[in-house]
């Protein structure tokens, strides 16, 4: 029997202000600094009255969360996604009574100083399109029971190698027509998120170090599958930084199909490709340490229901 | 001490073919039928050899998953997202030895028959832009141990009411400047997903029934907050269908700000609004039954790492 | 010799405020009405001082154009894109001394009343995704010399027929490998814009009439090429409305490729297709009357440089 | 009288294959080179039979244009957008009898070599997101009457200065509420296209030179208005390259609004901004030489109807 008769109740829930586009300029000297971010906050706690009877007395408005995001960019500063996210998350849990947990999700868009006649300009930048740096900070509980998780990462890091990638020896069934290959173009738009065991981190240096370790593995490992490449990239990060507990990666296989020029008697020795849009392979994997502390709410996201 | 020394190992992982754009035409009579979908498959199982040493012998290529999506649209048929998804998921778990679990995520784009001189055309349609129907089917385990979860839903259902919405009595702190209101425009682009307790469902009729119940509550309930409206919408669905265990909703508050015309001595009695893009409130809630069976892997998504 | 020595001068130029998202609610009775638009204005005139020496004395700020868009939605009303656009364009040319010409470009997003138990709701709507209605109004010159052009149109009207389309007998060269066909799926996302010879038009009725005439031709004409179909659609519009001077259409051929299931011994009798993204055929054509008045600045767009 | 009675005829028209995503790898040495482009072709000529009676005998299929784009990437090479575009355009006009004119529009996505331990990698790149390089090549006429136009450009170059920008002294009317300012953030996502008087150009060097000249002006000129900045940027390009006839620019004013923190007694000395989405100012201008040769079909675009 699949019909249910139990009481209907409120399940998990949260609310917040998404996609505040905060730009912070530091202008203490003629050489300005810029931080350009997108920040979303979500609050968790006992908001049953708001849901069940429309009583807002426990609800700090999402408009107030917007004001706070902008105000904290000045009063607390905005130097690193992670530290700014921690300031916001701790504020909501510590200072707003009905709030039991806060989740701050952040993106940063990088800018490069304009270089004019070989000299970096003091207050002009062009936006670097490369990968988008991300962070997700979660704080739960009051006082001594408070727990904190920090995730850093990036998305949309598009990387390609024009040789050094194979794919063969795979399982076949009646509908398998793919040809094995010992040389192909491999490309992906990589999303990665790693979880720290501590908040005492040199955020920017570690970010650059993680990225460098991953790119090195992608470039230099002879790939037998995107799965193998991803695992090696994650492994390199964990070997380099013992205070990273795990790293999760999502890698769409951006297919570059060798274009069939043979029917025109034109040789195509891995030179001309069609960069296809859809469908695409999608490989996802986590690499972790066996002694990693419990992830708790670290991966409980802001934007997904459930 | 936050440094870890444990062995580095593979964590959760999956792989598949995302965004196969399958269009199925039924042309058994002059009055054709069309189903236009986007389907993604992900396989789970023991793929450690692929990750650790690049051994693909357990890996059914994502290209084969593409072939299967198109082939099954003919051999099994594509009448409902849910039944087609079940066919695919069961195939991977039942027929491919290394596969322990399969997740199929689907979207359907609706078409309306062209109406010419009051008559519906047999083989011409225009695409309805409205909401996108979705489903997520998960099958785990072989033989008698097999478990199955079906989620149905929609996304991008944009709905607006021009009165019947209030927001006041909220918590205030030092950064709260929002004015309370007893009449406002309320609009959202709603995502909803509900979990069935059975696979013996009239998929299309229930889909329409869920949508109708939700729209009725949105329209007729005097809203004291988007939270209250969402809860009532979910409650209406569970009251109507005892074989739905829970429903999760994500509702961006698409702010329509009353435009300040008073500075020009022009009255604006809730008549002229700016439809703003960002930031936006984001309210998320699940409504469930206390006797709902365990969700198991039902909500373990395809596209998110973790 | 291709080096130039002439004086460097300012060429064509314009400036304005783009993408004002104005929502206008009519609430004179319990049965509200809604108009949801995106409006952009551009002003033309002698703005050389602003460009050459930074003198803004002739420049009405783009912020003022924003205020005007919202204010006019109340004071002049927003019932039809075309009449509201005319009000704005005439205002800039008539009332702002340095302005010689004004271009207003508009989009409208359609909403459908929520239907609850068979009854249309007074103040709740869901957004219809279908095509986006557009208009472009241009006014040039002061007083008796003033000229006015009105274009109406739509974009993103996605239309598909599952039979009744052929393509064969085409020109072939050494790189031609396409197979001719006498039955295929034909689909497009149609953009159309038609130019009126008058401003005395029942804007909404004609809009619906144009759309109906075009859909009828797409559906009922046996197509030998998308070119032929487009011409017939345009011809039908001009035959129906003698006060339309010309109609321009842009039609991406949204390819639905018959999926090759034959290699699996599965018959595919025009039943299973891959809806491909890129590349796509793109067919563009104008149908006009030989005695159409000069188009003047009617097609001089807002968003394109030149 | 605005009703027309003239004959209905075909107006301007063209057709082609849009958005071929061609990737060309040069692998003649271990240090590979990559070119990653999006190319669209459009053919013009006497295609009346295709439109009027569905006769395709003059119509080279868009599928053939796709094959040609990929084949030429090998046989002619793909080193510069402009030279590859010229090869394609000339081929269609010279070799396909019914074709009178060809328009090739191109985009290039830049990649940067991965740098590993300070050394550039031979065959691994990450995608630079910065601006997208563009070109538009038009060839018209057979034999001695043939004319050729080459435009180069870029789009989505996002550039910002955190000081050195003013805006005051503007025209005011009853709806003007903007406050004048002597210091603000100015940012834009610049599109620029310049027309050459010759095809004998060092395409890559000039591209870099144009960009450098424009960025220098943006950075170093004290701005009194975006109009003034644009004009100065265009002027710098024409002064540097006497074989450039004109340059057209389109610059959305990406507003960075100073966030009002004063109501919280927090000083905000041009430090915290909201990066708003819509609406936005849009400034467009062409800078040209008085002795520039006629632009002919240079600016007749591929994608716009008319």
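In order of appearance the chains are A, B, C and D, and numbering begins at 1 in each one.
Here, a contact is a pair of C-beta atoms (placed from the backbone, for glycine too) under 8 Å apart; a residue touches a chain by one contact, two chains touch by 3 or more.
None of the values given here were measured: they were computed from a predicted structure.
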- B-C or A-C - the one linked by more C-beta pairs in contact: B-C
- Separation of the C-alpha centres, chain A versus chain C, in whole Å, is 38
- Message: Centroid of chain A to centroid of chain B, CA atoms only: how many Å?
- Response: 22
- Item | chain B and chain C: spacing of chain centres that average the CA atoms, whole Å | 32
- Which residues of chain C are in contact with two or more other chains? 20-21, 67, 71, 175, 177, 264, 277-278
- Query: So what shape is it, when you link every pair of chains that touch: line, ring, star, complete or other?
  - Reply: complete
- Message: Looking at the complex, which residues from chain B come into contact with chain D?
- Response: 174-175, 177, 263-264, 277-278
- Query: In the complex formed with chain B, which residues of chain C make contact?
  - Reply: 20-27, 32, 34, 36, 67, 70-71, 73-75, 111, 114, 116-117, 121, 123-131, 156-164, 185, 212, 215-216, 218-220, 256, 259, 261, 264, 266-277
- Note on the structure: chain D contacts chain C in the complex at 2-21, 40, 42, 47, 50-64, 66-68, 71, 95-96, 98, 167-173, 175-178, 191, 193, 196-198, 200, 223-225, 227-228, 230-231, 235, 238-239, 242-246, 248-250, 252-253, 278-292, 299, 301-306
